[in-house]
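Each of the two complexes below includes chain A, the first together with chain B, the second together with chain C.
Then we have the complex of A and B:
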């Protein structure tokens, strides 16, 4: 195998998959850091986003034009889910919210299955040939995916670093009692967090769908790698989630060198176990769970 | 009339009362210290001012307005800021961002407020881009006080600001407290280091088992034999 083959058939797909995981893992890490629970409905929220985009594509939009609309739609769904379910449990032990999110996951999946069926779908039919960039083979959807992920990560980082409400979100993640003493409205931060998390879910679901195919289990199947990515990078760390996502994605694609292909999905699990054993705060020193 | 006037306050966190009638006043530009043995209700008395416990009797009047039973966020807006004893900074935010969070409720141009804070804490100016969690204990305490001062309060509540600090930093925190007072802010603080605190304050209250025991100027309390025997170690 030449170096170019290695790049084209292993590294590029790994980076593309990894950046999709990264977008999902950022959402998981935000919920963990600010709202302090493990959000199991994250994957199925991504599925919902992918299928909302499919509905829009069926209605005549191009896939990449459907993405922002789907992000807004799932952001609203996420805010609604919080108001309908999680908000009632906020005074209870967090494990109740975790379990409720599992229920929400099943509900969202059922809605997708009722509306769109259980068969695999795609945004566009036909085989897309990759373009040749000095030997590097890239499909336009892969380039768009990477560009979109960079845009999302840079935009979110700037928002968290410099905007008034971005700082409020970081303050709430850092020290919730002191944030309240400083006059930060917990309800507004919670709502904003869900809006961002919903939009990120939709983006990750859509990009997974356009690079592979859509089916009603797609989000659930990437939940473990996304959690592994968030924990690997360090819970509560956005840049950690990006790093973790890339590592998990590339590791999954590389695993076929040492493991049969059907064990690809186990890679994330192995990485998760390793990091919890060796460095439970994650690579970038996140919160202790 | 006193800036803060607490009269016969009773209350606690749950159903049981911790305070059994605590009265104290804080005047304009006055440093008042609360001392007393462990479990005397010192911090609880201070938290009652900030609306952090259920008050079942008595009254708290601040700046001519009855604030008994108000929620903390309303009390903050009225001009009282509170610095908790522990976890009182945003560790993963920079010094400057901590001050920005302190001014979260304030709109408009804040440059005068930042100048004032960095004037009070010149050491922090060079460290404004450092994470608050990376600073020494004394400097972290300064960040905590600076954060609270960003809202330009009339009264600052400090819960054991020198806990766990070296004598050098303790002296520095006391000096800063005096500087803050000289800038026009009244201060009510709880102190474990009773001798040093009484020596530097204007007036002091000695609490025991949730009620007033002694009060007077710091010097008078230091000279009082009963106070000395009670907990100053003779």
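Then we have the complex of A and C:
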């Protein structure tokens, strides 16, 4: 295998997959860090986003134009889910919310299955040939995906660092009581967090769908890699989630050198157990709940 | 349906309820008394089922098996195997909040599913394991069903009595102390992690036994027999609705939910095919919604946890 083959067939797919995981992992890390529970409906919320975009594409939009609309739609769904199913569990042990989110995962998936059926779908038919960039083979959808991920990560980082509401979110993540005493409205921050998380879910689901195919189980299947990425990077750390996502994505694509291809999905699990064993705070020193 | 058919159906249902009751009891040890979130119940169930099937089944080409060991060996082995899988997971994850255990158990259930599908030499791959013996299987249909029901009922009763005895003992009080206030329990010198690991392994072993009972009832098993998410979720609802922390509640919940789930399946099967598929997934939606409603309006379940000398825990 030449070096270029290695890049084209293993590293590039790994980076594309990893950046999709990164977008999902950012959402998981925000919920884990700010609202302090493991959100198991994350994957199925991503499925919902992918299928909302599919409905828009069927209605005549181009896929990348459908993405922002789907992000807004799922942001609203996420806020609604929080109000209906998570909010009243606030005062009880957080693990009850984890359980409720597992139920929400099942419900969201069932909605997708009832409305769109269970057959695999795609946004566009036909085979897309990759373009040759000095030997590096890239499809336009892969370039768009990477560009969109960079845009999302930079935008979100700037928002969290410099805007008033971003600072409020970070304050609540560091110490909710102190944040409340300093005048941060926890309810509004919670709502804002869900809006961002819902939008990120839709983005990750859409990008997974456009690079592979849409399937009602697609989100559930990427839940474990996304959690592994969030914990690997350090819970509560956005840049950690990006790093973790890239590591998990590339590791999955590289795993075929040491594991039979059927066990690709086991890579994330092994990474998760390893990091919990040796460094539970994650690579970038996040929180341990 | 005539009377005999109805009786057949009732016995069939009762056997499955017994198997689910064992699963719910296993989860009750983990969640009800210890507060551990196991989201991979189906995985431990599958490990138990395949272990007992491989050890006791008739010889078959292309896969391991044909040891034709006695049933009791298969059942004991299924408990040991499920416990052995639980041990390292618990060892790594029980130091943290239960969220991490939940993630890891989702992962292990997925890995178990992959192994069962991939390793044909061990599990027969997609063809599964057939020729699994059934105790009293040589009798006529009805007596054989009733005999199996008696075995399942006895095992559920034994498991119930043993778990009841265990949670009434000082061990049970200690587990509840750890569940309700980990810091205080640790300050009193209780070994929080080691005790949680015990509960996790015991509960998983019981789930493995339920898997073994299932495979000997069916006489065969294929990877399709276990839908990881739905199976796991049904057992969670059984326990929460019945009353977590109450063994009778766990058994009651198993019976109620399994009857509702099966009857709704009978109903949706009668629908015209165009909407039957949608109805199948609508059932899943309703199951998810049921959990939310129980958590909201009756979080303590139908039979709440009893505590001697104090009002029920809220």
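In the analysis below, the second predicted complex is superposed on the first by the 289 of 289 C-alpha atoms of A that agree within 3 Å, B and C clash if a C-alpha of one lies under 4 Å from a C-alpha of the other, contacts with A are read in each partner's own complex, and residues count from 1 in each chain.
In the analysis below, contacts are C-beta pairs under 8 Å (C-beta built on N, C-alpha and C of every residue); 3 or more make two chains touch, one makes a residue touch a chain.
Just so it is clear, the structure is predicted and the values come from calculations on it, not from any experiment.
In the superposition on chain A, A:7 makes contact with neither chain B nor chain C.
Of the two partner chains placed by the overlay, neither chain B nor chain C lies in contact with A:72.
In the superposition on chain A, contact is made by A:117 with chain C only, not with chain B. Of the two partner chains placed by superposition, A:254 touches none, neither chain B nor chain C. By the document's definition of touching, of the two partners only chain C reaches A:100; chain B does not.
In the superposed model, A:61 lies in contact with neither chain B nor chain C. When both complexes are overlaid on chain A, the residue A:283 reaches neither chain B nor chain C.
When the two structures are aligned on the shared chain, A:171 is found in touch with chain B, with no touch to chain C. By the touch criterion stated above, A:138 is placed in contact with neither chain B nor chain C. In the superposed three-chain model, the partner touching more residues of chain A is C, compared with the other of chain B and chain C. Contact residues of chain A toward chain C in the complex are 32, 37-38, 40, 84-85, 88-89, 92-96, 98-100, 102-107, 109-111, 113-114, 117-118, 220, 223-224, 227, 231, 260, 262-263, 265-266, 268-269, 272-273, 276-277, 280, 288-289.
Within the complex, the chain C residues that touch chain A are 35, 37, 39, 89, 92-93, 95-100, 102-104, 106-108, 110-111, 114, 117-118, 229, 233, 236, 240, 277-278, 281-282, 284-285, 287-289, 291-292, 295-296, 299. On chain A, the positions that touch chain B within their shared complex are 164, 167-168, 170-171, 173-175, 177-184. By the touch rule above, chain B contacts chain A in their complex via residues 72-73, 76-77, 82, 84, 87-93, 97, 100-102, 104-105, 147, 151.
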